[in-house]
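The two complexes that follow have subunit A in common; it is paired with subunit B in the first and with subunit C in the second.
Up next is the complex of A and B:
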């Protein structure tokens, strides 16, 4: 029996998709569903080998709400994310604007500025731990030598400072992402628009606020959304830099969930905390779908 | 001031600002490299030396002895992740771009959602699922887990590229009697070389630099990538900074190589990954 060409192509298409569908089901769908199941189970070190443990009702969620470290981790995650996005956007946008000007060293600057983004996150954390040491750390050495601080500052072991140190490290590594995306969006702003604004006598600040930002707004939105999604997941950096300490001052949802599951072997509680994180991520999903469609339509209509 | 003078001043200010930014960007990298050649006395002297202060290869000797196995492990994991990402992503991306299938919209949307899912959520469940399927403490297990960084991204980037291929290319191959599979791997994949390299570079770097899955899925087994190797040097009370710095340099080598060899692909990949169709 001969298959029609259309039929044959449908079959080929499905065969091409099979590995990806299998992978998504095994590595994404199964863990997500299983994570929800785990959060309703009363897990213990003895049940790790089993696929299921006794039903626990809402006990794990009740634990999360009443556990001061869990609630603190949720608050830290929000503070850390808001601070990171603010810093990364301000610096990243400034650099992106800078690179649109023609000046000596522009190409070199643009190609080297992505370096932080290429270094494994864990290694970045280790490097910052080295730089922010109390004694013999480059940052304290600089501050004391220049006279900005009289004594070395305890960046990592002072509970009031450690989250700021973490924030500085995360801003450092996240700026390239904002710079590159915003720079490529700025490249797409039509020259005629900028010239027209100049003709109308708009100053640099007015041109930026009234002409350029509205045009690249869709890209700014997508960048913020992706930045949010990346930042709530941060884990490697924290483990390397502070390990969640001192006194849980830098404990984020991710690190405390790791601690609950893999150090206290309370996988059920860890999974419940995971679901808080998952909820944050899932809220972003429809927004992301909407925005990425929107920005694609606009950018393809404008300059390309 | 004339207009010309002003724009000249402006340009020099821009150069200055870029130089300042590059100092901040490059200093940590400089500090690791210099630190990796310092003696233990210097590193623990309580003073930071801005310029190299005596040079020793001791740290590298220690690290090569202790970590060369870990470097090999990271290489295997990185290459494995790249291979898995290409095998899974390339055909799927092609089907999602060039075949009219009913699942396309659902699958593309779910890939976007997959990119959002935090690794700790996957790691917690995969640890138990892998226990159950005997994938804990194994290369295949770790590579499958590391694929979660690269595969959704790989499919979306490759799909965007396949979209830009004219349909006539495939029609010509079909008229010549090529099967769907032959058309794909003899005609389409070679044309997509640059996108394939982008995806492979990204997948390699994500497998090479992974920490969270190595930490959770490999629990005290013989397999230990370089990130875990460095982790063991970070003691609670004292850190062997010389060894940490030298292994840090090893861990950054692929990034350096990619920066020189595949820069074009990295920049385009970063942008492509975030604007999706």
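Up next is the complex of A and C:
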């Protein structure tokens, strides 16, 4: 039994890789494969003990496409995600810019911004539920007392408004993430570049738009992508605030697929809807790799 | 010496293990062996915990070598947890589930019928109580601590001040709620959050008015009238629109306790909380049945409460032992004890009569109406959760104003027709 050195090294290599491969297979591949399998099966509590259920073809996907709540949930998810990212970016970037300026209380401000991050999501939901209550809610109390509203506003009880209320809560939640990442990116903008722009007579708006943003653009891109992934899977917040109501006005892909699976026990339909999220992940993962590699190359290019 | 004891102990353990593995059908043989029954439930009030624990202690004392190992799972997670365990054929020996979930558990095929077990009897139970576990002629469940239901609870002082009597009909309910509404409080606190308790709250209005247990006529007169009543309470301003995010307990009930609502539809499990807040029956609050549309209609309420089920994850010996545990709770003395501890009604008609004498008149309405109560899943089984979802969505759509009463119920009807046909 004489193995060549090359062969021995190859075997050792595979041995070292085995734990990682096993981990990826069981922790990631298996659940995904199982979820895809479920979506093509006619599952019910009666089939739950068996590993497979009768084949259903595309019936679950057909259900999702014809079910007004499912299609609405998909639309809500996109609206909610787009709105959240926009709000989080605008506020987060503004705060990040603010913190690059020296002013008294800057450190305190920077640590206060992180607070939303430290509170469990469900707790945030409950707090916002109290804040936005129709009667006795702090927000309505304030609006009526200040005179901005004549009557208390039905933030959570109006189907046209509830998604906006969720959006406000989620923007509040996501701002720290944007602030932190963009702030650290802003720290990396070379002082010489900013000074050069100043010397060339660029105004503040021009410096921001033509100098700072292009330099930190790779970070902005990655932040958006990560923010997208965090937002598209929001669940606890909705459950705590509205439970998907009123009249399904705030059902997202996550909450409605949970509802289909675990409240109506149609695991196949729930899985089919959930695969829409899987599809998004499949698109996002390579995009993230591409962007981060790109940003690495660009920043190393800039350093040179 | 030491070695000897150790080896002897080892031998005994080995023998016990052998017996446990081979399984024994003789109940009296349990004395010789150690058996652990696993149990899962979501009980969490002090009364429920002490009631259950003291019964378990008593059972363990009567069955040497048997331990009942309880695991608490929060209400919101129990169904999911049990289904997950069912995928791995790993259910606990004993499970106490909310009664609408009984049918779902039966359909997993991993719970065993009790009707075949030694000492099982359906005698004396309220039909609605015992029928919760009826499937294909077999009974799969028995009540944990009896049952419960809902009725109209009102604030005596507020009604007196507004010169209104407790409403018996819908027309009276509407006018009473209006008269009771002031800038600081609503006439009635409704529950219409996106959850099962909304359907459960509406069922007495719909069912008493001729609504079918299957909701097959939800968009016809019985449903339209019942939902229009709720809609009117909201548009009149007699009920807060905030109910769209209120659970029955504690959201709606705390409105009542805080004096922000003069009436609520709720159950006897509120008595301890009401008493804690210095509200006592006959002095601060009174109870009447849920009002009906026209006098003479029978009040049909849904039945709440939890049921015991036995899984097939262990052999027949353990199953029989689990049944012994459940059976021991069904004696009149235990029923009375547990019903008191849980704040429920006993599941047997005769025991409920004794109970009424012991606990007080605030239970009368609840006990009287149990005879006409209806288990939510009867004839529907696993279809009930889907149908209930369609119903509470329609209620939310109508009350939030996104659809008219008729349109909302029509949407629900077409969904329900599809579910019933499947």
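Quick notes on this one:
Following the convention adopted for this analysis, the second predicted complex is superposed on the first by the 272 of 304 C-alpha atoms of A that agree within 3 Å, B and C clash if a C-alpha of one lies under 4 Å from a C-alpha of the other, contacts with A are read in each partner's own complex, and residues count from 1 in each chain.
The rule is simple: a contact is a pair of C-beta atoms (placed from the backbone, for glycine too) under 8 Å apart; a residue touches a chain by one contact, two chains touch by 3 or more.
All values derive from a computational prediction rather than experimental measurement.
Placing subunit B and subunit C on a common subunit A by superposition gives a clash between them.
Residue contacts after overlaying the shared chain place A:156 against subunit C, while subunit B stays out of touching range.
Once chain A of one complex is fitted onto chain A of the other, the partner contacts of A:263 are limited to subunit C, with no touch recorded for subunit B. Of the two partner chains placed by the overlay, neither subunit B nor subunit C lies in contact with A:205. Of the two partner chains placed by the overlay, only subunit C lies in contact with A:44; subunit B stays clear of it. Using the contact criterion defined above for the overlaid structures, shared-chain residue A:135 touches subunit B and also reaches subunit C.
Using the contact criterion defined above for the overlaid structures, shared-chain residue A:112 touches subunit B, although it does not reach subunit C. More residues of subunit A lie in contact with B than with the other chain of the pair subunit B and subunit C. In the superposition on chain A, A:184 makes contact with subunit B only, while subunit C stays out of contact range.
In the superposition on chain A, the residues of subunit A touched by subunit B in one structure and by subunit C in the other are 48-49, 129, 135, 262. Interface residues of subunit B, counted against subunit A in their complex, comprise 10-12, 14-15, 17-19, 21-22, 24-29, 31-32, 35, 43-48, 50, 87-89, 91-92, 94-96, 99, 101, 103, 107, 109-129, 131-132, 144-145, 147-148, 151, 155, 180-181, 184, 205, 208-212, 215-216, 227, 230-231, 234, 239, 241, 244-245, 248, 251-252, 255, 258-259, 263, 266-267, 270-271, 274-277. Within the complex formed with subunit B, the subunit A residues making contact are 8-10, 12-17, 19-21, 23-24, 26-28, 30-32, 34-35, 38, 48-49, 51, 95, 98, 101-106, 108-109, 111-124, 126-131, 135-138, 140-141, 172, 177, 180-181, 184, 219, 222-223, 226, 229, 232-233, 235-236, 239-240, 253-254, 257-258, 261-262, 267, 270-271, 274-275, 277-278, 281-282, 284-285, 288-289, 292, 295-296, 299. In the complex of the two chains, the subunit C residues touching subunit A come out as 79-80, 83, 86-87, 89, 104-105, 107-110, 193-195, 240-242, 244-245, 260, 382, 385-386, 389, 393-394, 396-397, 399-403, 408.
Interface residues of subunit A, counted against subunit C in their complex, comprise 44-46, 48-49, 69, 129, 133-135, 154, 156-160, 242-249, 259, 262-266.
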